[in-house]
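Got a structure for you, written out below as structure tokens; questions coming shortly.
For reference, chains read A, B, C and D in written order, and residue numbers begin at 1 within each chain.
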Amino acid sequence: MLPTVLTLPFVAAGLVALFGHRAGSKLASVALAVPLAIFAWLVAQVGALPPGGLVWSHGWIEELGLALSFRLDGWSLLFALLIAGIGTLVLWYSRFYLGPDEDHSKFVLYLLLFMGSMLGVVFAENLLVLYMFWELTSISSFLLIGYWHEREASREGALKALVITVIGGFAMLVGLLLLSLSAGTLSVRELALKASEIQAHPFYPWIVGLILAGAFTKSAQVPFHIWLPSAMEAPTPVSAYLHSATMVKAGLYLVGRLSLVLGGTAAWTYPVVVVGLLTMLVGSYTALRQRDLKALLAYSTVSQLGFIMAALGLGTPGALGAAAFHLFNHATFKGALFLVVGIVDHETGTRDLAKLGGLRRAMPWSAAFMTLSALSLAGVPLLSGFISKELIFTSLVEAGSLMGGLAWLLPGVATVASLLTALYSFVLFHEVFDGQARGTTPRPAREASPALLLSPGLLTAVAVLVGLGPHLVTGSLIDPAASALAGQPVEIHAALWHGVNAPFLMSATALVGALAFYPARHRLRALLERLTTRWTAERAYQAFLNGLMGLAQRVTDRHMTGRLADYLLYILIAFVVLVGGTVLANGGFALRPLDLASPTVVELVLLAAMVAGTLFVVRTRSGLAAIITLGVVGYSVVLLWVHWQAPDLALTQLVVESVSVVLLLLAFVHFPKLERKPVAAGRRRLNLAVAVLSGAMVSWLSIRANGTQLFEPISQYFIENSLPLGGGRNIVNVILVDFRGLDTLGEITVLSIAALGVYMLVGSRIRRTRREAAERQEGEGL
Amino acid sequence: MDAFIPRMIARLATPLILALALYLFLRGHHEPGGGFIAGLVAASALVLQAVVGGRSAGAKYIPVPGWVLIGLGLFCAAGTGLIGLVLGQPFLTHYFGTVLLGGVEVELTTAQLFDLGVFLVVVGTTQSVILNISGDR
Amino acid sequence: MMIVAEVMILLGALVLLISSYGTFKFQDVYNRLHAASISTSGGALLLGGGLSILGSLVHGKLFLKPLLIILIIFLTSPVSSHVVAQAAYRTGVPLVAHTVQDDLALAFLEW
Amino acid sequence: MSVLLDVALAVLGLSLALAFARVVLGPTAADRAMGLELAGVNLLAIMGTWSLRSGHTEFMDAALVLAAISFVGTVAIANYLGKGRPVDDDRG
């Protein structure tokens, strides 16, 4: 069943690609069936999972240990539910969000493609299969961010997201390969059994570093977080789905999945926790500074991801459970927030806080959803956010106690960050819906259609329900997920009220502090503005990109001079240096007795003719004379073949000679006269030296080649069975066509590519000159 | 007066050269010949037409543009390879046998088809290069 | 009979030698073309004939391939000399100093 | 039998050398075109005699092809000599 669930979105995407444009805007609701069906099937699996999880495997390339193997266990089920569930809601929402004239089929196609690849990531049991789907998500996110490709900002955002996530992904690939090398297997399950062996392996620090690089870039941790805010150029449903609920959590998924394999050591815990908390802090205070609602939510997501990453990094069963729970909650309330912001944008036409305000009367339902979700984000009691945040605080406090002197550091940073989070959460609903309207919005605010409100409503309902009755979700969903990660049964006791203890104090200080600072938020924003704009990851990214482009430009300018002679020079120098070097290195130039046949008179005469001809070709000033003399040199080579009784070679050489003379001539006539630019003396000497060297190199190699007998010659084999096996007496042809058929196939493909190349290069140039000539004619004709 | 005489002779010589090319192609398996050489010879016939008759003649002679020939050739070559695959043998295995064709015992071999592929690619390449350089399609 | 064939071949070779040498004796292209065309007519005939006779003697059965070569040469070489001469004239290769009369100049004008 | 053939081959070799010299020295491009044609014919002759001399009759086919091909070459050269852009020529 697992593979069918996985291929369903891709098949649907295929169908949409083929027939989508006809369905128009109804397409989204039709395509809804796919995620809904998957969601239903997944819900049926909750609690009914066999102990090791649902496994399905099909051999692909056994030698490489590469098998298409998938596994559905607690942790992947949690993610799959989010992917399918929120996917359904987002698809429904996007039907009303996208204007009638926009290309629905393309949007739904990309969304389905993303859903399939995301499911692939969470189901993958084989590391390489996981990587394949991982890159597929990057690609589909690129397509979705750049959906409004006519806008410059969308293209830029899409590119930035792709560059950063793909570079990270590449590092991760190397990490995964090292991991599979050190453990000898690609399957995650077997890796878990060999954890100790891997952690003792010399590759281990590299593995951790590289894989974390992939996870941090994907989950937008500092300093790679800059792509997420610029990914907000995507339509809001995409932001809600990819950039808050699912795709950015792939990094968390990987860190969780591998915590059993790589976790438990200082090399793993410290970087993850530190980066996580740092991201949480940076994300929260940058979010506070934002004027655009979506940017604010983007930075808030960055901060919350850091928070969950830190919890995963701790690795204790309690922490893993708390992380899973908060991950679930965050997906729901953040998804709702994004969709409501989408509604505000859709109805009022702007997302700028300065212009919004006092919309509660006009948009009561949106205001309610926004307020509830924002409060849950802030961690106000009686809502889901509060419970999972408390749990993470508990594990932070426990971890802090282990660190002795710095016990206060982890909880301290978390509290400050939560204070800022609460602050911008209040900003979210207060500045938008309460108070009086500040600026004028492009369109008068009115409540969105109920259909549009449905998705955020459902998500908010889930947040509230889980807040009131956490056991609804924890027992069946969160605990299996955590136990799948910890490798041992995990029981998190999530209750409405945990009693007065350190975590509660942290939450209280955060909330009270936020309320206290709320009136002073403008001054706080100004202060933060001055503090943080000096050095930002953004500028580092731009500098890196521009530096790279500049370097590439300089190298090309210096080499691509447009003169064929230069290119030939580079090739020959490379040839002489590389081949010469290696031959020199292995003592190839040792003067061993050369068992060569003594040359006969005929060969000497022909040799003289060839040398004379070539000298003339080099010295002559006229192109035509050079071509014709070249033909003559070719004829003397033909004579050599005749002398050595090689009819096939003679025939081929002959025909090639004549046709190339004619083709050279054709090219010659059509291109500007070969004016001989005066060649600087120094350059002339260099040309001579390189020519002599490469000539000597080639002759030495050929002499040496026929001298050495590394392997016994295979010609005997061909002579014997060219007739019985190949059915032909012409051994050369039989070899060409039959024994070495594949090489010939390759050669003729290369030939065709060359022909197409000529067509493109030469054809376009001639057509252009002809067009210019035609224009000049018209000009004169006027 | 311009290129009248060569054009007349070319009209006579071209079929001769093409016949020569066919001759070389058909006996490729036993005596010197084969797809590549035959292709080049046929190409030179084409060149003759293009040179003498100017652009249009060259194209008229083989109505199909160059890259169609190339495509056909590649298809032929790869196709014969697939036959082997279909029959469970590794890619590009060839089969040969003698067939009675009109009373004459003719030896047919799939290698000939592969050779035909090479022939077509060579002719196609020259065709597209020449017509291109001489400014036609 | 064999000797006759070999003598013919030798004679043919000599004719070719004479025509190649001839191209050095004449001053301008047009005369040299005369010299060159000797080889494609007389030389080819002699040599080709000798070869086919020798071939048929050696192989026992009739060996006509050299005759086919002669046919091709007879078909193509006059044209190629014509074309070369025409091209030379068109690109303005000067006639040798003591030419008496240049018929082509008149025809050349109407082009 | 072979003595006369060898002499013939030597003579043909000499005439080929002369043809080569013609191509290399030939002042005008037309000379060179003619030289190439001449060299072609000589090569043809050598191949023909050599095929009988050595018993490999395949060279005869090569000669056949050469006859046809060199015609194409010469016509192409001559044709483009006149038309086309003034091909830079060190006209003697």
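Here is the rule we go by: a contact is a pair of C-beta atoms (placed from the backbone, for glycine too) under 8 Å apart; a residue touches a chain by one contact, two chains touch by 3 or more.
Model, not experiment: these values are computed from the prediction.
J.: Have a look at C-D versus B-D and report the one with more C-beta pairs in contact.
T.: Result: the pair with more contacts is C-D.
J.: Counting in whole Å, what is the centre-to-centre distance of chain A and chain C, each centre being its mean C-alpha position?
T.: Chain A and chain C have C-alpha centres separated by 71 Å.
J.: Where the CA atoms of chain B average out and where those of chain D average out, how many Å apart are those spots?
T.: 26
J.: Averaging over Cα atoms per chain, report the distance between chain C and chain D in Å.
T.: Centre-to-centre distance between chain C and chain D: 11 Å.
J.: With centres defined as the mean C-alpha position, give me the chain B-chain C separation in Å.
T.: Roughly 31 Å, centre to centre.
J.: Do you know which chain A residues sit against two or more other chains?
T.: Each of 647-648, 651, 655, 658-659, 662, 666, 670 in chain A touches at least two other chains.
J.: For chain C, jot down the residues that touch at least 2 other chains.
T.: Where chain C meets two or more other chains at a single residue, that happens at 72, 76, 79, 83.
J.: Indicate the residues of chain D shared as contacts by at least two other chains.
T.: 16, 29, 33, 35, 58, 61-62, 64-65, 68-69, 71-72, 75-77, 79-81, 89
J.: How do the chains pair up in terms of touching? List each pair.
T.: Applying the touch rule to all chain pairs gives A-B, A-D, B-C, B-D, C-D.
J.: Could you please specify the touching residues of chain C with respect to chain B in the complex?
T.: Chain C reaches chain B through residues 72, 75-76, 79, 82-83, 107, 111.
J.: Under the touch definition given earlier, write down the residues of chain A that touch chain B in their complex.
T.: 647-648, 651-652, 655-656, 658-659, 662-663, 666-667, 670, 726-730, 732-734, 736-738, 741-742, 744-745, 748-749, 751-752, 754-756, 758-759, 762-763, 766, 770
J.: Which of the residues in chain B come into contact with chain D in the complex?
T.: By the definition above, chain B touches chain D via 3, 6, 10, 13, 16-17, 20, 24, 31-33, 37, 41, 44-45, 47-48, 51-52.
J.: Using the touch definition up top, name the residues of chain A that touch chain D in the complex.
T.: 602, 605, 609, 612-613, 616, 620-625, 628-629, 631-632, 635-636, 638-639, 642, 645, 647-648, 650-651, 654-655, 658-659, 661-662, 665-666, 668-670, 672-675
J.: Could you list, by residue number, the parts of chain D that touch chain C in their complex?
T.: For chain D paired with chain C, touching residues are 1, 4-5, 7-9, 11-12, 14-16, 18-19, 21-22, 28-31, 33-35, 37-38, 41-42, 44-45, 48-49, 52, 57, 60-61, 63-64, 67-68, 71, 74-75, 77-79, 81-82, 89, 91.
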